[in-house]
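Here subunit A shows up in two complexes: once beside subunit B, once beside subunit C.
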Partner chain A sequence: MIPFTLVTKNLAKHKLRFVLTVLSLAVAIFLLCVLRSLVVALNAGVADAAANRVIVQSKVSLFVQMPQSYGPKLKLVDGVSSLVRWNWFGGYYQDPSNFFAQFATDPKELFDVYPELYLVDGTKEAFLADRKACLVGAETAAKYGIQVGDSFPIIGALYPTTDGSAWDFQVAGIYRSKKKSLDENTLFFHYDFLEKSLESGAASGPDGVGIFVLKVAPGYQPVEVMSEVDALFENGPQVVQATSESEFQAQFVSMVGNVPLLVSSIGGGVMIAILLAVLNTMLMSAREQTRDIGVLKALGFTDGSVFGILILQAFVLCGLGGALGILLAKMSEPGMARAIGSMFPGYQVTMPTLLEAGGATLAIGFLAGITPALRARALSVIDALRAVR
Partner chain B sequence: MTANSMIRLRGVTKSYSRGGETLTVLDRLDLDMDEGGFYALMGPSGSGKTTLLNLIGGLDRCDEGEIGIEGEDIARMDGPELAAWRAEKVGFVFQGFNLIPVLTAQENVELPLLLTNLSRRERREHATLALEMVGLADRRGHRPSQLSGGQEQRVAIARALVSDPHLILADEPTGDLDRKSADDVLGLLQRLNREFKKTILMVTHDHEAAQSARAIVHMEKGGTLGRIEVLAAPTDRGSARSPT
Partner chain C sequence: MALVPLSYNLRSLAVRWSATLLTVFGIGATVAVLAGVLALQQGFETLFTESGRDDVIVFLRQGATNEGDSVFSLERAQILMKSLPEVETPEDGQPLIGAEMYLAVRRTKTDGGETNVPIRGVSQRSFDIYGDGVRIVEGRRLASGADEVVVGKKLVERIRDCQVGRTLTLNTTPFQVVGVFDSDGPFASEIWGDRDRIGEALERPVLNRVVAILKPGTDLADLAARMDADPQVPCKVLTEKEYLTSQTSALSFVLRGLGFFLALVMGTAAVFTATNTMLAALASRTYEIGILLALGYRPYAIFLSFLFEALVLGLAGGAVGCVLALPLNGVDTGAMNFQTFTEVAFAFRVTPQVMVTAVVFALILGLVGGTWPALRAASMRPTEAMRRV
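Moving on to the complex of A and B:
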């Protein structure tokens, strides 16, 4: 039998102490959710990578371009059903701080190789018809207020125009993606447009292709396609490396260092700090209740009951703080996604994150409550009654 | 005397060890107390009065001997059995009142009833009745800090009697009270004894308080019992009037 009024009233006894502890718990759990969501965002591309796509890049580095002549040769490899080229454009809108990714790519094949891509506005036909047309990710479109039919001038930092003007793209469609393998912040435009501008001398920049993305036909093993591709260009002129899409995405995650480990360490540190704070509060509170515990035992409440009263106080305290933190994390999700979306596309407070935060909350409650609860259980009636208030 | 003995102690020994030294507080103590009696337990400080009361109330354990209460040897009970026994059979009144500070008078009095099968409504009714009996029904919503010492002790008495135990144990219940409040508390105990037939054992070192009882048990230093003095005409504390 646990008198629940005793649980709540003892918690509410020192209002300021109670509120401060709940708030610090809320902040800690909120922070844990945010850190966890950053890792989720980083790994989103890896987790959602398509099994039937093979990425071909220069073996030297991602930043070394491959000859255009590789394209037709790759298309002839057994098991390759279609292929797109990707060239990092590295431009910006109006100001260098307005950063988001732009790629020159093959418009028709794009839809074939990336079936997760779909248009929420505009048409595929309009995009294919106009060489200056582009597709803009819904997040980026929303951020800059870009709509279908607008022109979207991008300054080519990597591919400057000869007269110094901006590249003039016509927005033909706004896209979203059904999977995290493709973020919703990017601008895609015609590879032809880039190629022709370089040829005509209207712009300058690196030659060649950044990466090729191959779609493997059903019934073929991507691993076999990869080894065949590797073998094909073994003797140059440019040695390549073919990887699965998930491996390719993972190399971006590791490029920023071991972020998951770093983030886990920070999160773990925050959890330990908050555990110590809550434990301190619980020990103080339990000490004040020593005599009450003696009274309860004298009245016939069992050792188990007083154990329950104390551990429940820890659980209620942590439950409130944790719930507040989780609520905060969930409510701030759209704002956070907007604020850091271009750096961490796919920022999302997922169910596993929330469950993890809930688990951390319960663990803190348990660890902070168990010591005072065990102590109360073991306390003899007469020792407890002798305690000064 | 033995047939309707409420309390029957045989060979009760209790010692404490402090820093390697053993202090025997009660040494093979025998004692009988009748059902329906009102006993005052007197003796010099440190003679073991509280220790004895705690043993009889099942708050502490003796090293040797039998502690028979209404025919049950509580010295043989384990922890949970003893807790259940306390809840059902004994009401405690302490010198320092020992109300729970965060609870109201009503909630404090209801506390022992949480260990019964009574419904929420019945618990409320019983607690209200007990508070009415000690004349504090109008203070039911007050917390202990909002009550005087005398009022606190009367709430504690209400808590001790609310579950209708046969035995009430009081350890210096008037020790922290002024004369007037002490008289109120003693009057209540007398009334519980006379009207409700509760057996009461009250530790006190106040001779005047002891006169409210029907018999005085004298304890000597070293944990031996002296004589039992039966009072022919106990002081009537006028328990008929409702204390204010």
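Moving on to the complex of A and C:
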């Protein structure tokens, strides 16, 4: 039998210590959730990739563009129902540190190939009608206070204008995405606008297409479309690589390199630090309770229930700290997403992350509680009563 | 006025050795994580800044922030190179100026997965300009006009087909690996080939930057101002050192931000732990404090005494943290350079600066964690303290 009131009374005895331990646990679990969410964000695009999209890119380099002439040829490939061009614009707003992705794209086809895209403000018609119009991701719009109807001047680092001025985009809509395959930080504008500006000499920069995204018609196998596309340009002039959307996203994860390893090492350090802290608290309170344990045992409480009292104290302490940390992580989610969205689009504290954090909390509780609990169980009544505080 | 002997604190720490050790290691783990992140940042930054030379001048297209953004047509590069009387001309009559092509190409890592490796198309002039900065350590230099490449030393183990005798295929053209070169800077993570051959293979008839060595005594500021306003090929002029330093800003910013965030969050947890330990120390020594006060020690002496004890805990934690982080020194890693989106290999560097930061951080943790318990100790009354057992 375990007297539960004793568990709570013991914990409440040193209120400040109790609060500090719970808070440090909360902080550590919060940090674990954040770190884990960074890794989840990196992989978000992979997990949410659409099966019916094929991405065609240069096999040589991310930064090499394919000739415009590839577009019509790709459209003729069996099973391709529509196609959208994406071209990296590489500009910034006011200062190079205000970095987010901008793409020149085909406005009409964009909505067809990416059905997850929807507008929260503005209209599709307005975007299609004006060549200078752009769509801005809701996160970027919020970050820079951009609204529909505003002009959004972007300085083209990769595509500088001849007179040195900024590119003047008119915000026609604010978009969100139902899935993580599109992030909500991007600016999309008309491919025609870029092309005409290059032709007229108003701006300069590399001509061509960064990636083609093909929508595969129902009933066709994406794999077959891919191999046909690969074969089509096997002998150049620019060799291409057709992949599924998930592979395309996965390549970025691979390119970012050691981030998951770095994040898990940090997480390991956090776990060790917090385990030591909680263990310290548990040992301290167990030492102070030595006499109480003697009294309990003398009263006839079994070794098992004494063990239970002590381990339960650790679990209650950790449970509170962990729950607080998880709550903190979930509550800070929108703020964190905004702060690091341009670097980690799709930052989200998911259910598996929370479950892992919960598991980590229980593990800490167990590891921190087991030593003092075992020690208390083995303690003889006489030694316990004789103990000096 | 008399201070409490320091040996009193040291002995107290030794008597409560288990709590002391747990606290020290808890702080140590926190400090080690911070030191690790800082060592990563230092390694990355020194790779770039320390290898850059002041006498090598880099010309970029106006508005470009890195070589990838900077583009010169072949024609404009020729005009630029001929318009510079300031360039040093050695006895052979060939001015020390050369144009380079730069592109991040897709390569497969030896352990699978893709990464971006910079490929640099150079002329023999580049080798003359960098001199000892680029040393062939295996095989030979590439021959002009041949389909040959030399690879940076850091790539040999990491990237597939980067050993002497192997063949690297770029687009549709096979290139023979004829040598391995070493460099103290980021060049060691690059592939170098003949500029014209690489340009042709990649179907990229453009150049990305021009490098030169100027005649001694040339005023760089004057040159920069003149080139900025140049009617034919306006460009940005900076030293190699300035260029490389500017390349570190994005990743350094991220790593510093991460370090700061971790320090703040984990530091909070560590402060709570230190406070707990000191409060427990206080609780079990109330009687002793009463005696000290009764002996005539002033409250401020008690305050300083307990603060000293907390600082010792912090210092020991800092030392443990440094010892834990030290094995990282020299460990090779790779990170994404966000500016060019390429992976650079470098080693962690646990510099004296990192260690000092770590120890100071640990001392601050001890100080902040110890202030409240020390204040509490100092505000005790002798009679009450001695009565409380």
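Quick notes
Just so it is clear, the second predicted complex is superposed on the first by the 387 of 389 C-alpha atoms of A that agree within 3 Å, B and C clash if a C-alpha of one lies under 4 Å from a C-alpha of the other, contacts with A are read in each partner's own complex, and residues count from 1 in each chain.
One rule holds in what follows: a residue touches a chain if its C-beta (ideal position, glycine included) is under 8 Å from a C-beta of that chain, and two chains touch if they have at least 3 such contacts.
None of these values were measured; they are calculated from a predicted model.
When the shared chain is aligned, subunit C comes close enough to touch A:S61, but subunit B does not. Contact with neither subunit B nor subunit C is seen for A:G71 once the two complexes are overlaid on the shared chain. In the superposition on chain A, A:I266 makes contact with subunit C only, not with subunit B. In the superposition on chain A, contact is made by A:P206 with subunit C only, not with subunit B. Touch criterion not met for A:G358: it reaches neither subunit B nor subunit C. Partner contacting the larger number of subunit A residues, of subunit B and subunit C: C.
In the superposed pair of complexes, A:L279 makes contact with subunit C only, with no contact to subunit B. In the superposition on chain A, contact is made by A:T21 with subunit C only, not with subunit B.
When the two complexes are superposed on chain A, the residues of subunit A that touch both subunit B and subunit C are 389.
By the touch criterion given at the top, residues 54, 57, 59-60, 79-80, 83-88, 92, 94, 98-103, 107, 111-112, 114-115, 159 of subunit B touch subunit A in their complex. For subunit A in complex with subunit C, the residues that touch the partner chain are 14, 16-17, 20-21, 23-25, 27-28, 30-31, 59-64, 90, 96-97, 155-158, 160, 164, 205-206, 235-239, 251, 254-259, 262, 265-266, 269-270, 272-274, 276-277, 279-281, 283-284, 288, 343, 389. Residue ranges on subunit A touching subunit B, taken from their complex, read 1, 3, 5-6, 9-10, 12-13, 291-292, 294-303, 380-382, 385, 389. Contact residues on subunit C toward subunit A in their complex (touch as defined above): 18-19, 22-23, 25-27, 29-30, 32-33, 36-37, 40, 61-65, 68-69, 71, 103-106, 109, 113-116, 170-172, 202-204, 253-254, 262, 265-266, 268-270, 272-273, 275-277, 279-280, 283-284, 333-336, 341, 343, 389.
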